[in-house]
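Here come two complexes built around subunit A, the first alongside subunit B, the second alongside subunit C.
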Partner chain A sequence: MEKAFDMNMIGDFVPTLTAYLPVTLYILTLSLLFGFVLGLFLALPRIYNIPIVNQLAKVYISFFRGTPIMVQLFIVFYGIPALTGLIGIDTSKMDPFYAAVATYALSNAAAAAEIIRAGVGSVDKGQTEAAYSIGLSGSQAFRRIVLPQALVQAFPNMGNMVISSLKDTSLAFSIGVMDMSGRGQTLITSSNHSLEVYIALSIVYYAVAVLFEWFFRVAEKRIKKNQTRIVTVFDMNIH
Partner chain B sequence: MQFDFPFIVSAMKEMVKTIPLTLMMAVLPIVFGFLVALGNIIVRIFRIKGLVACSRFYVSFFRSTPAILHIMLIYLGIPPVADQVSSFFHLGWSANEIPVSMFVIMALSLTAGAYLTEIIRSGILAMDTGQVEAAYSIGLTYSQTFRRVILPQALKVSIPNFTNLGIGFLHTTSIAAIVAVPEITGTATIVASDNYAFLEAFIGAAIIYWVLTLILESANGVLERKAARFQGGTL
Partner chain C sequence: MIEIKNIHKQFGIHHVLKGINLTVRKGEVVTIIGPSGSGKTTFLRCLNLLERPDEGIISIHDKVINCRFPSKKEVHWLRKQTAMVFQQYHLFAHKTVIENVMEGLTIARKMRKQDAYAVAENELRKVGLQDKLNAYPSQLSGGQKQRVGIARALAIHPDVLLFDEPTAALDPELVGEVLEVMLEIVKTGATMIVVTHEMEFARRVSDQVVFMDEGVIVEQGTPEEVFRHTKKDRTRQFLRRVSPEYLFEPKEHIKEPVI
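Up next, the complex of A and B:
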């Protein structure tokens, strides 16, 4: 039986839940890192229109952006043991933490690929032409000229991706991960005060998200500061 | 354990039946959320004292916290309050009679309201100030300008954002499975545990969501082309 609402419980729950915030942030960081690298590899064939790989990347991105993260979590969670079972390795006792990281990484890769592609698309074609004209090779032009500018353009979207990924990690408890939400579930079982636990969880998630938003706002300002200066002919010291 | 291909199809047959409920839980929140968003926009435009801060907090909170928490807060928070009201006025009903999907729709309406406020606001911000000046110069009042000039154009540029939100909400409804609403994912969980075929059931669910998403995306393309026709180009 659910006990009566007790405001003081919320204050007790917040520190208990915050103790598990590192697990949530760990899942987030790992999945963002892997997701970003994989996303870059997905974006390249899309940008350079490499046949076959481009179509495969398209289907991959479409799938991960076309299905709910909940369903993806379950598919990876049950899919990894099924796949490794084929080569005779039993992973059914594996910590669900890894399945969660893998799912969020795969999902973030699809999102990152689209963001990077849009960023590269926003870089003026003249930049590549100018790079070629001073003798840079194709890969040099991409790595040194286009990509840095594309990442600056993509920065606000990357920030949004991080925050929406943070919110998505709240579902990892459904496959049994002991992150902040998972700890919330065990608190509910032990205390029978579910509403208070969820209020406490909202407070922590909100605080973290607001902190991230503030960080990205400040970072964006700093990044864009170097960019807005317009160089005119008069600045160029032509003799 | 053997992978059971035919079971994907038979599981999908069960899940297809729940598409109407799933779509209802995705569409109704957007409709209700739209009204909430319009209220927010009016508060922001007319800078109604006290309410602007409330509106800011509402949008920030609901955009920054996971939807599962909104569902849980409403699902657990409304029944005790509703029961109090019911016993106070001797209405003779209890919150147990309210179907769980109603709570999900209520919660997601609040979520949608916050996202839609931002979408419409950015649509308005994207508009050329010349439009408002032109509307004033031909003698339209403020509310006429808002209703006939600003809002229609702001909504038009927001079409891709609306589609993204629709797809996002289609995916968000899968969270309702956690509170045991038998929508697509909920049904997948049920048929999976009945037949002990989890991977197959969730692959089936993924296919259904994917197809629905692709349909929504192509509908967006049609809608954008239709809307582009109103953008009178050459005279």
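Up next, the complex of A and C:
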């Protein structure tokens, strides 16, 4: 039974929910870390057009970008025990936290791969040629010359990915993870004040997202300071 | 020292190089001139295998590389003997001037950082940029960028320096400072192959001038032979058109017959 709207409850809920923010951030950090590394390995065959692996990467990316994150969560959550069961390991009692991290990592990898690929594509081919011309090997040219510039190019998109991934983690409660949203669900059950809980949740998520956005904006400015870019009239301060 | 035999290159149906032969002795300056699309840049890029010829042989120091199927090792080896200066500079945008010059030393040649720094600083002094060591490419003028490009190529002490139209992208006012640096390099006795539109430069510093058109070498020889005692009509036509006087010549006389 829903109770009458009570503004004061929001203020009470915010600190209760914020106490679970570390869990949310933990899922986010781990999944971004693993996702980024996996994304790099997915991007490489796409960039270098390596036969077969390229097709597999394409299918992988397309699948994870084309299915809802909640469906992916359940597939991984039920899929891991089913898979490990085949080799006789029982993981059905596994903490759903790990399934959530795995899902978000797999999903972030698909997004990261496309972002990295676009970043590498935006680096002038001449950079690679110049690296070759002074005797760098293919991998040296990629690691030392192309990738650093590609990551700078990709940085704004990475920022967007982090923020959208933060919002995605709010679905982890559906497989029973006790993160901020999970705690929100239990608060609703115990208090019968759904609206207040959701408003409190939105306040915390929004605050974190704004903080991230600010951080990425400042970081981007610092990183781009030394990069070559074409200065247009739009960059000039005309008063 | 360098012998290049029968280089062929095709882009799709477009036959860009139709069997180029060239011998370059140690300390020689070879300039390649010719109209756009004649294949001169492609030929130069074949020499460090940035472009893979369909056929041909490059030998340096008695080491013979079959360009059709070079091994990774051969490609890498060849690139270590050569260095290229690009029309669009291609400085590493995320590295400072000194880091740009050090890169080929510390990474490709495993030189110690302090030693590489000393070499790079010295090369940058030669091109007059000793006070820009810590600047980023985006903070330099075109002429300064190209001088860094030259220092980067010089630093690795290649057997042969390849210049791909090094002044073509520069403001007219900045061409001089780059050519000046190149003249200094000529004086050191470096082996150079230069693709250029700077005819006066070609005329004055070359030991050998090569005129290319439509994928073949039309004419080659000393500057005296090519510029003064031109043998082929196509060369004469090209030289006339690039000469400053061309614009003011009475055009009625040189109209080509319409077939």
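Observations
In this text, the second predicted complex is superposed on the first by the 227 of 239 C-alpha atoms of A that agree within 3 Å, B and C clash if a C-alpha of one lies under 4 Å from a C-alpha of the other, contacts with A are read in each partner's own complex, and residues count from 1 in each chain.
Criterion: a contact is a pair of C-beta atoms (placed from the backbone, for glycine too) under 8 Å apart; a residue touches a chain by one contact, two chains touch by 3 or more.
Because the structure is predicted, anything quoted here is derived from the model rather than measured.
After superposition on subunit A, the partners subunit B and subunit C are seen to fit next to each other with no clash.
Contact with subunit C, but none with subunit B, is seen for A:132 once the two complexes are overlaid on the shared chain. Contact with subunit B, but none with subunit C, is seen for A:74 once the two complexes are overlaid on the shared chain. Within the superposed three-chain model, A:85 lies in touch with subunit B and out of touch with subunit C [touch as defined at top]. Counting residues of subunit A touched by each partner, subunit B versus subunit C, the larger count belongs to B.
Looking at the shared chain after the overlay, A:178 reaches neither subunit B nor subunit C. Judged by the touch definition given at the top, the superposed model places A:202 against subunit B, while subunit C stays out of reach.
Once the two complexes are laid over each other on the shared chain, residue contacts for A:47 go to neither subunit B nor subunit C. Overlay on chain A (Cα): least separation between subunit B and subunit C is 24 Å.
Residues 5, 62-63, 65-72, 74-75, 78-79, 82, 85, 163, 167-168, 170-171, 174, 181, 194-195, 198-199, 201-202, 205-206, 209-210, 213 of subunit A are the ones touching subunit B in the complex. Across the complex, subunit A is touched by residues 48, 50, 76, 79-80, 82-84, 86, 88, 90-94, 103-104, 107-109, 136-138, 152-153, 156, 162 of subunit C.
Residue ranges of subunit A in contact with subunit C, taken from their complex: 124, 126-127, 129-137, 140, 144-145, 148-149, 152, 226-229.
Across the interface of their complex, subunit A is touched by residues 1, 3, 60-61, 64-69, 72-73, 76-77, 80, 167, 170-175, 177-178, 185, 188, 198-199, 202-203, 205-206, 209-210, 213-214 of subunit B.
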